[in-house]
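Chain lettering (A, B, C, D and E) follows the sequence in which the chains are written, and residue indices restart at 1 in each chain.
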């Protein structure tokens, strides 16, 4: 059971990182990004390829994952800067599909739908599997902590203030003297870097990545995590990620004890229960578990 | 791959056929968006619901398609109404994105309710499958042609309703400013319910047409939702004729994949087409405001 | 003289800030016009919204000809003969000018609507000129006229106006006040919030000064307009 | 010892594999029930814990974690998607849990799995090679290869080209398509233009169903050939007979006229056995028999004993009840399952498989031959 | 415009044109704003005043024409560049940033905040903190002047109509522009307060700021603005002191009511 809990905490760490990355782009800047799994995949592939094919050391691979995703994020932001809301949603969604299909079809580079296996992990093989899990737990949650602190500082700074202004009204932000495009590009780049870094960490934990793993379902989970936690609040992103993993996993045990239904029905009950819980959560806490609060008070 | 103009014409025609299947759900999506201003991804769930309702009527009780289709409309519309009232309405003040997220969860919920009741097996309608008609080497399937017809009629009807009737005006007024509409004597919730019912119903019909054209399972709606959303966006969110046009763009875009890249890149080609359209018209082809 | 509108000890506000109105008692007899003046943020708009059914009162009552309005939704209030022109967001931006007017007469029979629209086009040529344009393309002052036009699509018992002249050119404002006076003369009771206070008090019979959610002064409009204290504090001179 | 032995199943109950997983799970549960009524493994009852892999490697890994760490399963079986299998494989060998799979990707058994992987699906090279040769033998000269995007699309194409060329024919066209689409008209047009005498539908149930329908509409009059898992008997419920008539399928198979096969068919009752269910039936049986054979139900023991009960000169058995009885009696057994003889090479790949060819006629499959 | 002024104009607009699908909003507008003045721009509803502001501030592009600010051609520049150059405008229909507080709305308009860079935002150097403190100081002063102190911590969405207008003015002031464009700053503002605002704008002018105001309140214009520019139908009509333009028959006909010229 311990091993299982640790593994799930590691997963929650990945989800938390993704939710944090998404929060910069979507929560703060208001740019809908339904393609987050694409950036996640880019980071994962970049690091996996560089470490397995070119034998780069792992930390460099992680960094490269973040950088590649960040570059893609910057380009993406430049292309879509004019688009708003739901129009942005479809383009980003498309981006993720493009990444997934490219990974499936460009076999020479990505090994196609076979995926890349045997991705190294820190001290994997030298230590026992439970120890490896513990090491990774440390790595991932350290990353979460660092990213959290950085992003929280960012969000409560004048920079974050401009991002939130852009989220609400671009024209006003522009008239306020803020180069809107440049802010958007930076926000998108930062968010994509976090997503890419999360992907890189994920690849080396799982030892295997394949296009199937970067399906829209993951995006849905992360978006749900962020919404459940509270869009805009960095703490919300982490709480939301933990909440979603807890939901995904606890429903296994619940559905197992329901008598008199077939396995498919159990599976259906489980997925249905996940969906229902999220609907109920939103219903009764529409602003999420941790609503965005302002920290800039006139009277301290 | 392409030998003469006929092949090109064939690809275009295929695109129109594929597009016409997307048309009804896309119109349903835009109908809801037009009034409530949030993207209702649960349209996927409503489409699947309609597909199953129609299937039960047709394959289990032997109803003809002409009767099963209205039933699909009714059942999907009611489910949409239920989802709106129970889940989405209380969320509307929290903003369109929150509702959109909830609608994704709703799709998962509906998918699994159907899975619970029907299982994962593929099911086909009880219909003979007709051979294509051929004209000078170009093939058209009468069934698909008929589906296109249904879709166009529904689109036209709804367009007239929204554009020229008192109800349509009230719907657009609620979309603009529900509070003011209320002050002027419109019950925004009633209007919202009408829009949701029509939108959900159309999605249900669309789902049934997909089912007739292919086969159905709990994922039927989910498979087309991306393309449906794309069609709605390309055409212009909230625009009924836009949705019809967008469905054609996406349909043709996807069928063109074989010419441009490879069929394995179907989605990619479609998205490139979408990106191209949005570069020039960020609010979609027929979208009015941004 | 029975009061048409009676507001009794009304307390209400928005969400957590639920005591913006701190106990307001106002009465408006049939066919009367009263102007409400007061500083920004005093609660004038909030009072009108509460009467129009847009806010849930925390306590107190609103009655129209003795019938309780409190608790009714805005359309319920509208159906009982109250027309309201809000201060902000008072048009439907993506509907055409004509459709906006038609929405103003949503509760009226079709024939009446067509007839009144034509009447309004004659009265405000600018609206006629722009009848097919989306209302969002109107200038600030044009919107204000359209909003007023929408309220004139019905023949209300009580007209609630929230700063109808804001943004209008002096000439337009003047003719608007003429219009309001004319509507009043036809027998419609009017409750009007105006920052253009002197003009408003000039055409109104009663004046109400609202400060910080409370009624600070009431009285005949002319009396208030000439009261030096009121002038100094609220009328700018 | 009274605590039950726990085995884990990780079939796809939702997602793209949804049409297959439920039947697979039912087949495994059937075996476990039979074994339990036959007294279990040395008196220990067997419990089959299962999780839904959602046809997604991420969810699959979490499910496998739960089965391995919480349920402490001694063997894992029934993974379907290649990506899921590859993703959970390292967990299995790190925890010394043997993994039985139906996934087709050739790369799976090339993983450093230290003997923990057993794959009952013949590798795709073998399957395609056999099928192509058979088609050549039936006179096919121009075969169109219509492949869903999958780990073995490209390798299948390479093998087919090679075999066709050697046999004097050609692959007349090759299209890789996206699986989860609902219309394939232009793809079918490409097939029609290619003037092929045969089309090889290398996909899965949902897409192959649509392709069959579209081919019928377009009036394709050549041979339609596909894997049995892509068109199991359930297609007859989905498609009218005029569409399915003449469709040829193939699958790994045990001897046809062996009593074992007939008994198995009877045991599955009225529901037709699809190839995946047949294979996972064998997974469960092998895991149980191997544990019984080794005298202890641990992962390592199972891993080491699978080959002992599957090959060699033991007495032929085709079901778990007989197998348990014989092993209890100390006799050597040679299990031949519903999917074939179940003999594994050193990499864990099945070998020596025969293939059964069937043709659809009037809403049922008729066996053509077994090679 | 006949009298040639010794000082060069701070803002010079020539032949500005803009139409919206058939509606000609600006039809060759030309005008000049001299430094150190509070210039009024008045004209009937729909004359094109707000559209002129949109074009000057870069929010929309003119179809033709030139906007020269302080000798620099700013036509078609991005709004943030124009603000950076020292020209800030307010919006007629108050556009708050609804989910930011009033204070944040004010701070947003502060210029030269190093904390708007990523590195500085994270590292929070002394320069950033000092600037933030200075901006807060200024924001409090501005809020006090505009009677907004009480609502500084409210979200902008929770303001009364008049308060939103006041915040709109306050934000523009926060940018410390050289040229301030105000679009109907006192529409909906209580007369007592608008008199105060007028005197405040007057003192800003005395400190060297130049202001261009669109306003329909003639008392406000008369007491504060010189010169007054009148435009109609997208074009310059006349310019002069308030008394001069108010005496113009065309202006009376198109714009003023009885009461003003009575």
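Here is the rule we use: a contact is a pair of C-beta atoms (placed from the backbone, for glycine too) under 8 Å apart; a residue touches a chain by one contact, two chains touch by 3 or more.
Note that the coordinates shown come from a computational prediction; the quantities given were computed from them, not determined experimentally.
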| item | value |
| --- | --- |
| Any chain that touches chain D and chain B | A |
| Set of chains whose contacts include both chain E and chain D | A |
| Pair with more cross-chain C-beta pairs in contact, given A-E and B-C | A-E |
| Chain A-chain C separation of Cα centroids, rounded to whole Å | 50 |
| Distance between chain centroids, defined by C-alpha means - chain C, chain E (Å) | 29 |
| Whole-Å gap separating chain B and chain E, where each centre is the average of the chain's CA atoms | 47 |
| Chain A and chain D, separation of their C-alpha mean positions in angstrom | 35 |
| Overlap residues in chain D, where contacts from two or more other chains coincide | 13-15, 18, 21-22, 149, 176, 178 |
| Residues of chain C whose C-beta touches two or more other chains | none |
| Touch relationships between chains, expressed as pairs | A-B, A-D, A-E, B-C, B-D, C-E |
| Residues of chain E that touch chain A when the two form their complex | 57-59, 78-81, 83-84, 88-89, 91, 95, 97-101, 103-104, 107-111, 113, 115-118, 120-122, 124, 128, 132, 136, 139-140, 143, 149, 152-153, 155, 171, 175 |
| In the complex with chain D, residue positions of chain B that touch it | 1, 3, 7, 10-11, 14, 17-18, 21, 112, 115, 119-124, 127-132, 139, 141, 143, 210, 213-215, 217-220, 223-224, 254-255, 257-258, 262-267 |
| Residues on chain A engaged by chain E in the complex (per definition of touch) | 150, 153-154, 157-162, 164-165, 168-169, 171-180, 183, 186, 190, 292, 294, 296-299 |
| Sites on chain B touched by chain A in the complex | 39, 87, 90-91, 93-94, 96-98, 101-102, 104-109, 111-113, 115-116, 119-120, 226, 229-230, 233-234, 237, 262, 264-265, 267-268, 270-271, 274-275, 278-279, 282-284, 290 |
| In the complex, chain A residues that touch chain B | 32, 79, 82-87, 89-91, 93-95, 97-98, 101-102, 104-105, 216, 220, 223-224, 227, 231, 261, 264-265, 267-269, 271-272, 274-276, 278-279, 282-283, 286-287 |
